[in-house]
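Chain IDs A, B, C and D follow the sequence of writing; residue 1 opens each chain.
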Amino acid sequence: MMRLVRRQIPIGVVIVTSVIVMSDYFFKITGTGPLVTMLTNWGIILTAFTLGFGAINLFYLHTRHIRRRTSGQWFFSIWLLLMVVVFAGTGILTGATSSTYTWLYNSSYFALSATVYSSLGFYMTSGIYRSLRARNIEALLLLITGTIAVMRNAPALAVAAPILIDMDKWLSEFVVTSAQRGIMIGAALGAIALGIRTLTGRETGFLGRLTEAEREG
Amino acid sequence: MEFAELLQIWFAALFTVWIYSIAFRDNLFFKFAEHTFVGAAAGHSIVYGVDNVRRLGWTPLVQGQLIYLVAFILGIMLYTRYHSQHFWISRFPVSVMAGVGLGLSLRATVTSEFIAQILSTAQMKVLGVSPWCAGLYNLLFIVITVTVVYYFVFTFPRIHAGRLNWISRIARYGMMAAFGYSFANTILSRFQMIFGRLDFLMNSWLPLSGAVIALPIVLVLLAYAMIPASRRPWPKQLAATPSDD
Amino acid sequence: MTTTTQKKSIWDRLEAVPREALYALLLIFFIIPMVNPIGFPVPISDEVRRWYNTIDALPSGSAIMIDFGYSGGGEPELGPMAVAVYHHIFSRKAGLKAICMSTSIEGPLLWDKAMAEVNPSRYGANYGKDYIHIGYISGGEIAMASIGKDLRAAVSTDYKGVSLDTFSIMQGIANAGSFQLLICYTTGGDQSEGWVRQWYTPYKTPYLCSVLAMMVPTMLPYQKAGQIISVTSGAQAGQMEVLVKVPARGIKSADVITMTHLLVVGFIVLGNIAYYAKKFSGGSK
Amino acid sequence: MSVQLYPGRIFALGMLMSLTALIILYMELSKKTLPEFRKLAGLDALPEMMGRAAEMNRPVHFTTGLGELTGTVAPQLVAGLAVLGHVSELAARVGVKLVYTVYQAQVIPLATELMRQAYVKEGKADAFKPEEQIVYMSGEQFAYASAVQGFAERERPAANIMIGPFYAESMLFAETFFRIGAIQLAGTARGYQIPFFAVVCDYLLIAEEIYAAGAYLSKDPIQVGSIRGQDIGKIIALVLMLAGVITTAAGMTVIADLLKM
């Protein structure tokens, strides 16, 4: 009986809510409108509640480092947890868009986020120099379109040789868009199939940890 | 420029330089910046999680829409996932979110990423198009889209056997050309981002008094921190060893 | 065979250049044009012109839903584009209503940063009448669907917690049908594609999308099928600045992008010459 | 309570319901007989790669990239683990050391079980040393990337296999292993990273091919049946597109009108 409550009912809830939401799109049914509005608003608030999970996972992980004095790591762990508290405390107390919190954001999080994202450009450059080789027809094709696009993306080159713009436009419309559309159609079916496996209880990743009994079940 | 803004630019500049140092060698300054980033990101999520719960949940609740009480209860139930026995309680709110998310994506994906793409291809003209080469280009478009979908048919081996294998070959050539284009665009994205950071360093930080002197000092300290712990005089025991668990 | 193994050929040395030297060279190609800008011209692409014309043709009093959906990482690329488009909206002085929200958690603070750069008061535009931000809304596509169906049920305050009823811009704004245009700036594929699924597909709202250049190829099928009017990359901000006649960060990057892209072309050519030279002279893989 | 169908969404509803029926039908049918799979170029390269590693007496490295078992990219991680099981069998057979570097600690018990079963199946249970072959590196993206880079430069593996959800670190991996001369097979369904693997790796599984590889190797009727159902969906798409192009060329709009219903 307990297994029924713990596993089947959540799957039942997924089926009921998704069928309501889907039927509100395909059918004009009086009554489902406000129900779907309520469900989607609940979805927003529940997602907001999950935004605390990251911090909790970090507390688990890094308090263990601190307890064990993992060498070369534990004092970084203390600093990390301090950052969580400083950001969360300032933001909640002074307001999510207050000037104090904005200062804190701009002086650390923004600069770190922007820089980490951009640092990948360095790895790419060494990767291009060392391993971008036309070793077979497929790699050669990739290199030809890649080089045309790189040259077109250099503004001065594109102005100096306008043929690059036409070649880039032709490639983008008739080769890139068509190949990407083929991949998209396949991916759409994959997403639909994943959804159907979830609805029929065959894909339970979203349930999180399963007990041994439930995994066999 | 008041002091707070000055301090902000200094911090942002130091973090920028420390993060870039990973491209050369891992070092303690990078580790410090990285841990600041991970902690700040988690704190920031809490701030906007609370902001959303307060603005979008609590406000309507106190204005009398008691039905939001259910959302709050479900929200608190989410945190039972950390309980050793009763973690299964968290599955109910998770399944509400999964159900709403699944319903919204399934109902639209079948149109926006499947039927609309088929319709757009089905309506492409190959005959009676001026100039004539536009019809030829449309034909190429259709051939690549059709062969790529054909390529991803896995459980009918006979349709790929023998000479039919040419269809998959055309598909791979089309995809490879598309990947080359994506690769070039990724270069553009990353370089635009690097420019953004260097522009900040050179035009917002370096003009500040003392910055021109600070930069070489920071770089020397970074170089020193990049020397493997065994070969540098101090700090020795801080060599980062992978944690044992 | 001894000659090739003893004397490390020029190609082996070229291929064995350490990573750090390559990065230093890249940095030099960034810094030279930044120190003395050359002022290369910038070609205007069709997508940017189509985007510009769409906003130019909006009837006066139209409401625009804008999703400030990028992260700090995407700000150097998408920030300049968002700022240039705001200049265009405000300079039209046609009573356009720019109603902004964020599906990215850093959106509100990045919006403040953009507004500081735009300085709307220069156009006589003021908060709550001509432009507003109704805050970060979590849930991704759930948020998009929710405000599309019934905006006031989902959100009742602006991003600072002030009730929406106090702002004249929000009069008559009820759901997706109240908007004549949807704009999204984002670093996340889930968001740029999510708006196609949750607003264009059910409500047919005209949709303009600006993403990272690396995401453009995956969005092109939507543009070809007419679901998106124009997909631009933030890296084309310089072109928008030219059309809007407000040169800023976007145009400044044009020289640097040209120089660094020339370096990349050089790397590709050099790397392949080294590869084939070694191959024909019997070198290893 | 009145119920009306929205015009313009009828065909979509019909398509969604028929796809649902097809996929459920083939998940059931596959429980009886598993359909055959077409050749997956990437998978066929594995025996050659393992043989080369055995000749050179150097280890083989395997990674399933980043991603949690409960996240949206979980299916890609599951597909990667299925390939890990297959590679473990090959490694046990040719007697080469396979090292699986781990990003997400939650995966360790699952991976250990998979690899142990593979070694037992090849009758080499004692050759399996979990503490050496399953190495947890770090839960942070770039810390994990630089740790794997250090491993590659120290151990100089002869082959590198990367199947699963990859993010910006994909280029770092591909370039590092290319530089030490490792032969590489890579596959991810994350579209932005495929170009990097396509550029640098010797063998490539493109987008959905990793799901097909995972299903084919795991012989799980749910995964295989699901792929079979999707294949029928792709054939429907092909027929509609070709019929549409032909009718459009003939000046008729019957297919377009059907799709717009």
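As a convention for this text, contacts are C-beta pairs under 8 Å (C-beta built on N, C-alpha and C of every residue); 3 or more make two chains touch, one makes a residue touch a chain.
No experiment lies behind these values; they were computed from the predicted model shown.
Peer 1: Which chain has its C-alpha centroid farthest away from the centroid of chain B?
Peer 2: In terms of C-alpha centroids, the chain at the greatest distance from chain B is D.
Peer 1: Most contacts: which chain pair?
Peer 2: Comparing chain pairs, contacts are most numerous for A-B.
Peer 1: With chain centres taken as the means of their Cα atoms, state the distance from chain A to chain C in Å.
Peer 2: 18
Peer 1: Just curious, how far off is chain D from chain B if you go by their C-alpha centres, in Å?
Peer 2: Chain centroid spacing, chain B to chain D, equals 20 Å.
Peer 1: Take the average of all CA coordinates in chain A, do the same for chain B, and state the distance between these two points in whole angstrom.
Peer 2: Between these chains, centre-to-centre, one finds 6 Å.
Peer 1: Do you know which chain C residues sit against two or more other chains?
Peer 2: Answer for chain C, listing residues that touch two or more other chains: 19, 23, 73-76, 105-106, 108, 136-138, 140, 142, 145, 154, 161, 202, 213-214, 217-218, 221, 224, 235, 257, 261, 264.
Peer 1: Quick check: what residues of chain A touch more than one other chain, meaning two or more?
Peer 2: As it turns out, chain A has residues touching two or more other chains at 22, 25-26, 40-41, 43-44, 47-48, 51, 96, 105-106, 109-114, 116-118, 120-124, 126, 128, 130-132, 138-139, 142-143, 146-147, 150, 153, 172-173, 176-177, 180-181, 183-187, 189, 192, 206, 208.
Peer 1: At least two other chains touched by the same residue of chain D: list those residues.
Peer 2: 9, 12, 16, 19, 142, 191-192, 195-196, 198-199, 206-208, 227, 233-234, 237
Peer 1: For the complex, which residues does chain B have touching chain D?
Peer 2: 22, 26, 34, 38, 106-107, 110-111, 114-115, 118-119, 121-128, 142, 145-146, 149-150, 152-157, 159-160, 172, 175-176, 179-180, 182-183, 186, 242, 245
Peer 1: Contact residues on chain A for chain B in the complex?
Peer 2: Listed in rising order, the residues of chain A that touch chain B are 6-7, 9-11, 13-22, 25-26, 38-56, 58, 64-65, 68, 70-73, 76-77, 79-88, 90-92, 96, 101, 103, 105-124, 128, 137-139, 141-150, 153, 170-189, 191-192, 195, 198-199, 206-209, 211.
Peer 1: Tell me, which parts of chain D touch chain B in their complex?
Peer 2: 9, 11-12, 15-16, 19, 35-40, 136-138, 140, 142-143, 146-147, 191-192, 194-196, 198-199, 206-209, 212, 216, 224, 227-228, 231, 233-235, 237-238, 240-245, 247-249, 255-256, 259-260
Peer 1: Across the complex, what residues on chain A touch chain C?
Peer 2: 25, 33, 36-37, 40-41, 43-44, 47-48, 51, 95-97, 102, 105-106, 109-114, 116-118, 121-122, 125-126, 128-135, 143, 146-147, 150-151, 153-159, 162, 165, 169, 172-173, 176-177, 180-181, 184
Peer 1: Considering only the defined contacts, which chain C positions touch chain B in the complex?
Peer 2: My answer: residues 19-20, 23, 27, 30-31, 34-35, 73-77, 79, 105-106, 108, 135-138, 140-142, 145, 154-157, 161, 193, 196-198, 200-202, 212-214, 216-218, 221-222, 224-227, 233-235, 249, 252-253, 256-257, 260-261, 264.
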